[in-house]
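Chain naming follows the written order as A, B and C, and within any one chain the residues start at number 1.
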């Protein structure tokens, strides 16, 4: 089995320097600087099959973006190596770059002062695409995203949601085999999020690119990803399916109940505790209301991340 | 890599620069019309005052009209051969990490801005050409029109060298982040070294020869001196030679600085 | 707040702005020292700039005895005055005003306007280039030594510079500020600042080189001549009395006009993108 993405002990350390507060310390630091090493990504081994859609989840600063940058060749690894489509990303070979795409949800990649159509024409030249093929592709994608009407407006005059749709078209124009999506729905309203999610879902099903997706919205991950990579403090802490993660998680049920004349209470319990919990509650007094919910992915991830960030 | 693909995308960058500069009309007019106009007037007034103060017909063997022509062509050429805007943009892109969006494209950052710079220079040059054209004819100042094509060739060849310097400085932004002041330093030094401030031949012989041996004199003095008849074609050819040497040096330097910079690059921001 | 309306006294106001400025100063210094290469280059830059000015005039004086009405020694004094004012400009204003139009475009002006501090003050003085104090020392050194090299120097008249240099600086600030404030009305006009440099260049040459009409213009309508030429003339060859009076009056007047213009510009201001 060959893998689309493969890393072997891939890691990255950043260097910065320590600086204490105040003017005098700045002056001292002018001459003499103490460097501090910060590990952004610990040696990491992952293997991703072609056509797989991987959701990469972690809190801010956990190392998600560092991993994406390493895999797209933006930054050099400190140790180890990566192979993407058989290439070493950091060599940034033209043939490699032609086959991947990186979408950064928080940055503009299209040109600010010209229309999206002009940007796409330029991208077609950069990726050496046939002009008519590229035009048809734009037509098709913009139709799916319901945004044909803004193609001829300068990018800077578009709303955030429209701009993101334009960016997505731009990143898919050359039909990349490997697609990195970093926060594709960030800052968008629920309707726009839904449209983009739906679109990406359709797209990856039909075209089958290998995708790594990061998002703060767990709906994105739950809907799109076949596989979940959980990253915390620079290391992968879970690698498996979304359902598997939920199943593995102990807290499966949220119970909300209320005794007469008392405030509402909430507990999270596992399957094995269910029986004894019910008994103890029903013995305690007169119940006014009682509700059991199965927890969803969002909730599990949330409590996981919360726990992770507390462990300092 | 096929050459046609290379050519097509760079033509694209070239046009991109023209389109995005014409987008802001006021800015463009200030840049290509108002600024060179005021600049030429200021320079010409200075020379008139110098001649009045000197009470001489000639300075260093040339009449006042020669200096007015030099001032006029000098401001015109100096504006072509200086690079502020794209150099600052490159530095900022590297410092803030917005370069990421360009690095993942199948092209080199070097060609991306070189083509844009040339496109931008072409439009501003074309538009601001009317000033020397009208003023020279109006005041009948010494200019050898047949020499202009060769001089322009040297000017645009030199612009590539200027871009090489910009690329080196921008590469340093990977390591030092804020290097804007280095651009200012370089451009201020060039202000003096190119001969924009005064014709280099006014300097004592040995200093003048030193300046001429450097490629920077191709930024103003050599092409303008050639157009206005202060120097002959042998100096122009020497200019092509020094620029070539300079181009080789900045290219090699740029190659290594870029490689070192990319290794250190932390991929700032998202 | 329901506290009784309290009219801030002038003293309290000065104190508030002094404390604020001290905080700006400290923050700028810390930020500037962070980037070592930039810090050193900034000092170096102005040295090159001085050298270019000096070099130009020295070379020109190889071929002539007088430029305008001044000889090489007098021109050196003029350059000294120019360097001092320029160093002050570099320290207090340059960072702030050069970034002005960018701030407007990026919407930072919106944030400034919500602060309970005079917005003109905030936008003009937030950054201080500490490194340029080195340049001020060099400039002062050049000025004093060129003064000592004059054949005859009236030390009494030289005292005028303590009045006229601050005036020149105030006028410089006001013109530059209005230029920058234009970018509030005309969004995306970064090149306006290059236009400013061209105008400033008119003031960077002794005003006696200009034809009479141009001389009048740069003393009155476009008073860049008041920045360095008038203080230098006060030392070298005293101008008519009205020039002194006008210079002293023009400083507060231009400052007042700049604040009027700022209010006008703000009334035309449309906040950055959507």
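To be clear about the criterion, a contact is a pair of C-beta atoms (placed from the backbone, for glycine too) under 8 Å apart; a residue touches a chain by one contact, two chains touch by 3 or more.
Bear in mind the structure is a predicted one, so any value in this text is a computation, not a measurement.
Trainee: Which chain has the mean of its C-alpha atoms lying nearest to the mean of all protein C-alpha atoms shown?
Mentor: Chain closest to the assembly's C-alpha mean: B.
Trainee: Contact counts by the stated rule: is the higher one at A-B or A-C?
Mentor: Here the pair linked by more C-beta pairs in contact is A-B.
Trainee: Per the centroid of Cα atoms for each chain, what is the distance between subunit B and subunit C, given in Å?
Mentor: Subunit B and subunit C have C-alpha centres separated by 28 Å.
Trainee: Centroid from C-alpha atoms only, then distance subunit A to subunit B, rounded to Å. What do you get?
Mentor: Centre-to-centre distance between subunit A and subunit B: 44 Å.
Trainee: Nearest whole angstrom, what separates the Cα centre of subunit A from the Cα centre of subunit C?
Mentor: 50
Trainee: Which positions in subunit A touch two or more other chains at once?
Mentor: Where subunit A is concerned, no single residue meets two or more other chains.
Trainee: Specify, in ascending order, the residues of subunit B that touch 2 or more different other chains.
Mentor: 24
Trainee: Spell out, as numbers or ranges, the residues of subunit C touching 2 or more other chains.
Mentor: In subunit C, the residues touching two or more other chains are 36.
Trainee: Touching residues of subunit A toward subunit C in the complex: what are they?
Mentor: Interface residues on subunit A, with respect to subunit C: 19, 22-23, 26-27, 29-30, 156, 159.
Trainee: Subunit A touches which residues of subunit B in the complex?
Mentor: Where subunit B meets subunit A, its residues are 1-2, 5, 8-9, 11-13, 16, 19-20, 23-24, 98, 100-101, 103-107, 262-263, 265-267, 269-270.
Trainee: Please give the residue numbers of subunit C that touch subunit A in the complex, ascending.
Mentor: 26, 29-30, 33-34, 36, 39, 273-274
Trainee: Name, in rising order, each residue of subunit A that touches subunit B in their complex.
Mentor: Contact set of subunit A toward subunit B: 14, 65-66, 69, 72-76, 92, 94-98, 100-102, 104-109, 111-114, 118, 121-123, 125-128, 154, 182-183.
Trainee: Can you check the complex and tell me which residues of subunit C touch subunit B?
Mentor: Those residues of subunit C that touch subunit B are 35-38, 41-42, 44-45, 48-49, 51-52, 55-56, 59-60, 62-69, 186, 188-192, 194-195, 198-199, 201-202, 205, 208-211, 214.
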